[in-house]
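Look at the two complexes coming up: chain A is in both, with chain B in one and chain C in the other.
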Partner chain A sequence: MKNFIEKLLKIDRRLIFLTLTLLLFIPIVRPLGLPNKNIGTEVKGLYDRIESLPPGSFILLSIDYDPGTRPELHPQAIAVLRHAFRKDLRVGMLTLIAGATGLVEELAERIPKDIAPDKVYGKDYVILPYQPNPAAVMTQVGMDLYKIYDTDRNGLPIKDMEVMKGIRNVKDMGLGICITGTALLDSWVALTGDRYKFPFAGGCTAVSQMGYAPYLQTGQLKGLMGGMKGAADYEGLIGHKEKGTSGIDALNLAHLMVIGLIVMANIMMLWLKYL
Partner chain B sequence: MSETMMIFGGWVAAGLTIFLFSFLYKDNPFFKIAEHLFLGAGMGWVFQTVLFKTWIPKVWMPLTQAPYDFSVLIPALLGLSLVTQFFPKISWVSRYGFTFIMGYGSGLVIPLTISTDFLNQIGGTLTPFMVTSFAGNWLQLLNGSIIAVGFICVLFYFFFSVEHKGAVKKASTVGIYFLMLYFGAAFGNTVMGRFSLLYGRFDDLYKYSGGKYFYATHVILAVLVIYFIVDHFRTKKPAIEEEAA
Partner chain C sequence: MILIKKYIPLALCFLFGVLTLGSYYVPTAASENYMEAMNQWENIVAGFAFLLGLFGLFYSHYNKITRKVDGWGYSLFVYIGFFMMVIPAILSEGKIMEGTTLTSIGWGYRFIYNALASTMFSVLAFYIVSTAYRAFRIKSAQAAVLFVAALIVILGKVPLGQMLWDTTLGWTGTQVSGIVQWLMDVPVVAGRRGIMMGLAIGGIVTGLKIIFGIERQYMGRD
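Our next item is the complex of A and B:
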């Protein structure tokens, strides 16, 4: 038995990689539909905030993630957009990350295709161009956003667009949301949310989710989606299951495997030490 | 996007993903190609985005098209001054740009950080205790107490001006437990995040394995497996040589 355990402890790690690959692939090929019953309160907070906004309110959505964090954050952005359009809210999208411009284009293509086919560009939503220097943008949108965003991403003047009617700065907006894999959410909270008393919420990667707990406790963030789980929770709340929900199957299986390996390895180590 | 470009994009995406994952088996030239392409493509994308979405509309066009706005020269020159860092003889010019960045950044961030991350957080720790009666609020008070105790004990752990013994040691030990709880939760979330990213890549590989993309994933994977088999036999030392070694 001892020899067997020692051999098992020296197992080629590539076998573990292969097992993990298979486990993650199974739900992609054949979704298992495992339930996601534990909806996070911070995700519910964001959902409730959007639900409470009257139709026609303006949401500022900052898409600040690049392809590296796309699997976690893109489903969040799609779910929030879907919810906002369903509630007849106006949406202004922008990005402060150069690597996100392609992903913003992808969202722009999807809105008329399947997210909200009945919504009209310029009337219900607008996409602002990429701007470097996030701090300058965050302070300027608090005062007069036309001084930094005079045109949309196609070079068309935004001031006359119907979607921008009555909007000059964040005081005229209902909510700001930053979905990011960077530390830009911290900056949005400090430079725009706190400074101009602008209700702000966010979406972040699972890795950085814990760091935002203090902002949630103080109410500086009105809600937060963390990682793929956050996206799945939000998809569940709006009743439109997509990539976030299907990812939960894979995550559940992978987590079970990790827990199993940790427990097994510890038992084996105890066996070798004491028996 | 045209159909051809979409298929080409699918092949590139599937290829680079498989090339990067191939490192898990062992180092190989395909991995090296993908690694270098990643850095080059990333920088290239940022460069063209800044050039076409910022430099041309915000600097070039105001200088060359009516209504002219020459005030953009000030920030543009300050920004360009940073490039002089590459030329030792005139690198002193970059100080003007850096001075502006430092002054502007500090002035903007320091007061707001004190307010957002310091004063508001202290307020947030005390808020749960701002109740007029115990009844109905005991859960909030309990939660607030746990956070306050953890907060103070963690601060003690990072307080180095007194020797950690007696009550201070006990407080800092409790602080360590709170920190460990945080690190445990953060690590759990990190594992979940990494699996999500892996799932995302696999999901894309599955997408590119369809007939629409001419089975890009299958073909590239097969080519790589053949490479590893050939490479295995090509680099395998003869038995006699192995024995001598």
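Our next item is the complex of A and C:
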């Protein structure tokens, strides 16, 4: 028995990789459809905040993630956009991450296709170009955003666009949302949210979700989507299930595999030590 | 020479540091105008910083190639990768889409960068699972607390975990989501807030040291 346990503890890691591959692959090919019953309160907070905005309000959406964190964060951005357009809100999208420009374009491509086909660029939404200095953008949007964003990503002046009517700085906006796999959400809260009393919410990867708990408790963040579960929760709230919901099955099995392996390895270690 | 290399940069740092700090606490039209000008300057300087970083990167990898240090072949890929993205970006004037079709940089982004970056990140999952099995040993009380907290959070964050909890521990009348919420609201907030306050105080002290010329590493060794 002892020899067997020792062998198990030194198992070839490629076998673990193979098991994980199967666990991730099977639910993607054939979703298990497990119910997502508990909606996170912080996700509900963001949903309620958008729900409470009157039609025509402007939301600033900062898409600050690159393809590395795309599986977790892209479904969040799509769900928020879908909800905002359904509520007839105006949306200004921007990015402060150079690697995110292509993802913003993907969103721009999807809006007329399936997110909100009835919405018109320049009237209902605008996409601002990438800027290299986040701190400058975050402070400037609190004073006069046209001093840093005079044109959209195609070089067209934004000041005369219908979507920007009555918007000079964040005081004219209803909500700011930063979806990111970096620490930019902290900066948005400190440099824009707190300083200009601008309601802010966010979306982040599951691994960094815990770090934002103090902001949620103090109300500095009005809501937060954490990882794929956050996206699945939001998709459930708006009643439009997509990648977040379908990815949660794979996530379920992978998480349980991690727990199972840790428990198993520790039981075997105790067995070798005491029995 | 010492005036140009030392005293003028220190004086500029002090002047702009104090003005920027002051403008945060004195919200007048003049301070707003000052901040707007600074933001535009910062954006321009950040653009040049990118360029400087690029030169530094190229120089360092050029040295590795010419000296044929271990793994110098990988340095070639820095240049290959760079030009593979930059040349199409220049040719398509930085645009990712042209109407409804992808430009060459758009294609590179979507089918090369996208795939590579996602792959790099997803590989982590395999290493985490393997390491969890091989290295996470509960050998102390602290490790046990860490494990129990991680276990509860994992169970609480995925629907299958919640179902398992309800099936096995449902009789206790506790919801795993309630325990996760408590962990988030009490121990996590306490620990995180302590770290944040420490970081903030450290940041303030470092900022003041730079403004008053005590910390001068940004000027180089001279």
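The definition used in the following text is that the second predicted complex is superposed on the first by the 275 of 275 C-alpha atoms of A that agree within 3 Å, B and C clash if a C-alpha of one lies under 4 Å from a C-alpha of the other, contacts with A are read in each partner's own complex, and residues count from 1 in each chain.
Just so we're on the same page, contacts are C-beta pairs under 8 Å (C-beta built on N, C-alpha and C of every residue); 3 or more make two chains touch, one makes a residue touch a chain.
In this text the structure is predicted, and so the values were computed from the model without any measurement.
Within the superposed three-chain model, A:88 lies out of touch with both chain B and chain C [touch as defined at top]. In the superposed model, A:70 lies in contact with both chain B and chain C.
Legend: residue contacts after superposition of the two complexes on their common chain; A:206 is shown touching both chain B and chain C. In the superposition on chain A, contact is made by A:214 with both chain B and chain C.
When the two structures are aligned on the shared chain, A:269 is found in touch with chain C, with no touch to chain B. By the document's definition of touching, of the two partners only chain C reaches A:35; chain B does not. When both complexes are overlaid on chain A, the residue A:99 reaches chain B and chain C alike.
Residue contacts after overlaying the shared chain place A:147 against chain C, while chain B stays out of touching range. Touching of chain A by both chain B and chain C, each in its own complex, is seen for residues 17, 20, 24, 68-71, 99, 101-102, 131-132, 135, 139, 195, 206, 210-211, 214, 217, 226-227, 229, 251, 254-255, 258. Every residue of chain A that touches chain B in the complex is listed here, in rising order: 14, 17, 20-21, 24-25, 28-29, 68-72, 98-99, 101-102, 129-132, 135, 139, 151, 153, 155, 189-191, 194-195, 205-207, 209-211, 214, 217-220, 226-229, 243, 247, 250-251, 254-255, 258. Per the touch definition, chain B reaches chain A in the complex via residues 24-25, 42, 45-46, 49-50, 53-54, 57, 105, 108-109, 112-113, 115-117, 120-121, 123-124, 127, 147, 182, 185-186, 189-193, 195-203, 206.
Residues 24, 32, 35-36, 38-40, 42-43, 45-47, 49-50, 95-97, 100, 106, 109-110, 113-118, 120-122, 125-126, 128-130, 132-134, 136-138, 147, 151, 153-164, 175, 177, 181, 184-185, 188-189, 192-193, 196 of chain C touch chain A in their complex.
Against chain C, in their complex, chain A makes its touches with residues 9, 11, 13, 16-17, 20, 24, 34-38, 41, 66-71, 99, 101-102, 105-106, 108-109, 131-133, 135-137, 139-140, 143-144, 147-148, 154, 195, 206, 210-211, 213-214, 216-217, 226-227, 229, 248, 251-259, 261-262, 264-266, 269.
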